[in-house]
Amino acid sequence: MKVAVVGATGYTGAELVRLLSMHPKVSGLFLFSRGDGEIDFRQNFLGLDFAGKIKPLDELAKEEFDFSFLALPHGESGRYAGELVRRGVKVIDLSADFRLPLAVYEKWYGPHPAPELVEIAVYGLSEYFSEKIKTARLIANPGCYPTAFLLAVLPLAEKDLLQGVIISDMKSGVTGAGRSAKREMLFGEVAENFRPYGVGGVHRHLPEMENILNNYAQGLRVIFTPHLIPMKRGILGTIYLDLKQNLSTEELRKIYLNKFHDNPFIKILPEGYLPETRAVAGTNNVLIALNKEPGGKVIITVAIDNLGKGAAGQAVQNMNLMAGLDETCGLKNTGIYF
Amino acid sequence: MKVAVVGATGYTGAELVRLLSMHPKVSGLFLFSRGDGEIDFRQNFLGLDFAGKIKPLDELAKEEFDFSFLALPHGESGRYAGELVRRGVKVIDLSADFRLPLAVYEKWYGPHPAPELVEIAVYGLSEYFSEKIKTARLIANPGCYPTAFLLAVLPLAEKDLLQGVIISDMKSGVTGAGRSAKREMLFGEVAENFRPYGVGGVHRHLPEMENILNNYAQGLRVIFTPHLIPMKRGILGTIYLDLKQNLSTEELRKIYLNKFHDNPFIKILPEGYLPETRAVAGTNNVLIALNKEPGGKVIITVAIDNLGKGAAGQAVQNMNLMAGLDETCGLKNTGIYF
Amino acid sequence: MKVAVVGATGYTGAELVRLLSMHPKVSGLFLFSRGDGEIDFRQNFLGLDFAGKIKPLDELAKEEFDFSFLALPHGESGRYAGELVRRGVKVIDLSADFRLPLAVYEKWYGPHPAPELVEIAVYGLSEYFSEKIKTARLIANPGCYPTAFLLAVLPLAEKDLLQGVIISDMKSGVTGAGRSAKREMLFGEVAENFRPYGVGGVHRHLPEMENILNNYAQGLRVIFTPHLIPMKRGILGTIYLDLKQNLSTEELRKIYLNKFHDNPFIKILPEGYLPETRAVAGTNNVLIALNKEPGGKVIITVAIDNLGKGAAGQAVQNMNLMAGLDETCGLKNTGIYF
Amino acid sequence: MKVAVVGATGYTGAELVRLLSMHPKVSGLFLFSRGDGEIDFRQNFLGLDFAGKIKPLDELAKEEFDFSFLALPHGESGRYAGELVRRGVKVIDLSADFRLPLAVYEKWYGPHPAPELVEIAVYGLSEYFSEKIKTARLIANPGCYPTAFLLAVLPLAEKDLLQGVIISDMKSGVTGAGRSAKREMLFGEVAENFRPYGVGGVHRHLPEMENILNNYAQGLRVIFTPHLIPMKRGILGTIYLDLKQNLSTEELRKIYLNKFHDNPFIKILPEGYLPETRAVAGTNNVLIALNKEPGGKVIITVAIDNLGKGAAGQAVQNMNLMAGLDETCGLKNTGIYF
């Protein structure tokens, strides 16, 4: 297969390059970015040792490829997705442009760049929508926080076991904020610091969480607080839920083990283990632990790599599904582990 | 005043040395630790540039001082507190030994090393118990997590504005775990990692939070989840509360501003600001922000330095109160700020 | 005294604000930056808890003050220095504009913004030029790397004990690169990375080192390689020297102890101790260790805080000298120590 | 092939497990450590997702395998190597026990645990000794610092282009110090700190560097200063050399390109590029840049992953050579890259 990565100078784009350059079924890899002129990929990421050039976006039409990953800011992705879909290229969009119903999108993001495509987009939460993904022409790859949240919560929601308010206290490494030069993301500002942001229902991943959750259960409300961790990769979510009926930790764990029985990336941890971000860095894995506190609330802790299952890893998993490959193809390596 | 720091090779002990060696009213500083023989303080903390020796504990009886800070593990502190109190030395104990009613202590920690002293100990949350602190002979200096939690929550609890379950999702830098050599606290294990621990109501700071909270309000329950941040100093708490009546953020802020009007270390942040740990590193300050989410829950975010207001800073503040000094004496320097 | 900090949103400017706001002789502090309009200092550095405003540079003429610290990029500082000097304000310039002879400056930096002032500027290496500093109207505050290098090497150079090539392998935390938003200084680029830069005699601090060194000894050549450490504050230099005559480590140490006998910030470490950056963070101290290797070369290791003795700390020390104060005034606090 | 990793709870052991569990020719993997009883590997390294058990060393004799990696402290490795060699197991020893001539070993390390094996051991610097490695029964896998140093310097030494003193200023992440619990390696001690250690010719990797170097060139002397970087993985060496004849940077680069033409892990960087540790993290790659400074000295900068080419990666490369496989087998994945 030939594939294109659009936005190859960012962290998500580079992680796509890492995964796709090791993928056994990928025979051609084209890189593009919004910059002017060609640039050596290696000037951006020496460690990837990838000898290719990154081309400007106006050369997108000149190359032939089967799949295209769009790792651009929201609003920009939508502008390119339409042309690619019309050319017959399968598109996996990693921006927010196709994750929400049109009206919700426009409330949170403003005018949509390609409203006519919203209907054909399939939400790419691989474990939940694999059948639709297999035949999709345009994938809305989920946000990093919603991926962690939904995989942790949907198994209970779809069994109608939840009620009331779900509190999702989530923490992320800095690469979730992208690679453009912002003062607040300087090492001098981030190191030896931990801080919340977007407190009080204002983060744009909240409607994405609620939108999918509402497909499975009614009457639930989500409170979501993101925080910035002084580290590069990883999301850790601590989620507090109320059950409609009393289930033991062991019964809860069985629900998850059954649900994800055929999903090799989802690891339901045995008793006594808790997720940690280093254990998923560089992988497409999702670690989930289930605990109850003395008063009966369920506490789910979940860890993903925001660039792995939270972005590039899940995008490649979706490409595998669309291409009829095993979903783990090219995703089994352990990047790093401590 | 002459003061002793017992346990001067740990992080809390060293922070006490830093603060006391800059304190304008401290004229003599004696250091002790559980090790054998004398050791140069500078071998442990070159940066403090403090020329003194650390002596073994069996020399505690040979020196004269007015105040003694015990920065020893729980169970050990209690053993030394009694003798010091009997000598007429005022004791500020930074262990957990005198923070809880006896029965609660023994449930969580086992047999008490000095049960006869529990009754005379005063809980050293300076802003709430200053009158008792001024005349106390033995202070139970609060735990780091409870300090952040209680200062964030008590102003609403004491006005009977809270109901139901309080969720306290808290995150701490590594110095809270002490300075003894443990594999799990190695740089190689902690860096580029974020993890929860003590999930499900098992952390020993939970009964301390509940015990004080219950003095001010009935029927509240606390869920407390601690997490480890890859950084050295700082606690950030994200606390979710339900109000009994509908109050605006501005009304809430007024309650806090009134409550802490005369407490110079408590900073109630104006709208648009959120606490961050670097802003309190090296200080005795407490930053508190009040937010409401669309559904009406209150989200309080709070930051302290776990070694400052969470340990050594508050201990010196308590010494100031006990000595009739201004409570900010020796605590106004800004150690570091980004 | 009333003082102004020009460039108060950068790291050096903010460190000046920290030190000056705790300085017992500073009664007024005016802040300026190159931005438009007034901004709250606290929006930049919440942790400093400094309630003042930062004003635009065109208001510089409206305020009265005795000392002015210029923490601006080279080329900019020179533009403001002249006007201030003419007003009778004493100027301490932290840029490179007045550190070099005019011809050398123009070779490395291009046209000089205020060539007429170069002659009156005094190089502010406090321990070496204190007499000139006391009466200066314009101080060229030394660069961070040259400060560490010169204090480590000059005691031997001025006794004509050195020969040949001096290799200065130096490592710095990121704040030396300033606070403007650059991709290469993002946390995601710096963390878990260590890299050299400016290899091969191209760093602009090299002529500054050589220029001062040549005042004290002839025929020496310096090779200087800077590196970037994944941390915020601190410079560690490892310097390799050839002696003209055979001296023991103890004899070398005596030379330094004698030289710096009356310089309280310079700490010559006893045998068995080595400098480390955490031991100087937040201070104006300089730690120096002297070692010889089996073949006879001297290895000097030196640590400073690049924002302390390497910038703001030395600038305040120079202000103290100019104002006839004790040079340690306001500089004795230990900010942090591990 | 079946392989054993002895010492699987340390960082080097775990990196071996990571690489060997992804190796296409490894069909069985046995883990051992010095602890008592069996332990789950996952309890040590959750992220590796390796389901096996670690067995105590006394079960080493009960299992059959073709290769054995010894990742034990020096002195311990030698005790097990003999028995394994006699059993016909090929041994790759990652300790220092077989890296030095016997007399040199005993001077630096004390009595040798298996002196009779020293003669049959082959020094496993893959690019230099591949022919001997292919038929060896016992490999002394090189130290991390010597690997970086020798690959950077030998191409010039073996052409007799060097003279005088070679200064090797090297910096390493913390995993080089192993995973046992030591106070000085706690996160609280290492983070935001940079420090030299072993200054003045006392580090045990120095005789290893000199011993190999002397095989290729006479009359050279090495000064080696190690430093500790606040990060997990990576070594960066800055090496200062004097040439016997004047060669341009381009001529130097050609020598290296020719030398390592068939060595896929060695990357000689083009002009304008410098090595950095993140670019080799998780790989077996070696990045080398060649620069000259104005006075004619050559400055070589070199980066490796201390756990990759500096330990486990080179060990697997040596296994590949011994097994007649392509030396890159199982070593081509990019673990992480920024």
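For this structure, a couple of remarks:
Chains: A, B, C and D, in written order; residue numbering restarts at 1 for each.
One rule holds for everything that comes next: a residue touches a chain if its C-beta (ideal position, glycine included) is under 8 Å from a C-beta of that chain, and two chains touch if they have at least 3 such contacts.
A quick map from chain label to UniProt name: A, B, C, D = N-acetyl-gamma-glutamyl-phosphate reductase.
Model, not experiment: these values are computed from the prediction.
Across the two candidate interfaces, B-D and A-D, the one carrying more C-beta contacts is A-D. Of all chains, the one whose mean C-alpha position sits at the greatest distance from that of chain B is D. The mean-CA centres of chain A and chain D are about 37 angstrom from one another, to the nearest whole unit.
Taking each chain's centre as the mean of its C-alpha atoms, chain C lies 39 Å from chain D. One simple way to say how far apart two chains are is to compare their mean CA positions; for chain B and chain D this gives 45 Å. Residue positions of chain D touching 2 or more other chains, listed in rising order: 11, 188-189, 191-192, 230-232, 276, 278, 281, 338. Viewed as a network of touching protein chains, the structure reduces to a complete graph with every chain in contact with every other. Residues 11, 174-175, 179-183, 185-192, 230-232 of chain D touch chain B in their complex. Remark: chain B residues 11, 14, 18, 21-22, 42, 45-49, 191-192, 232, 267, 273, 276, 278-283, 285, 287, 332-338 touch chain C in the complex.
For chain D in complex with chain C, the residues that touch the partner chain are 165, 167, 169, 171, 173, 188-189, 191-197, 199-201, 221, 223, 225, 227, 229-234, 236, 238, 240, 274-278, 281, 289, 291-295, 297, 299, 301, 303, 338.
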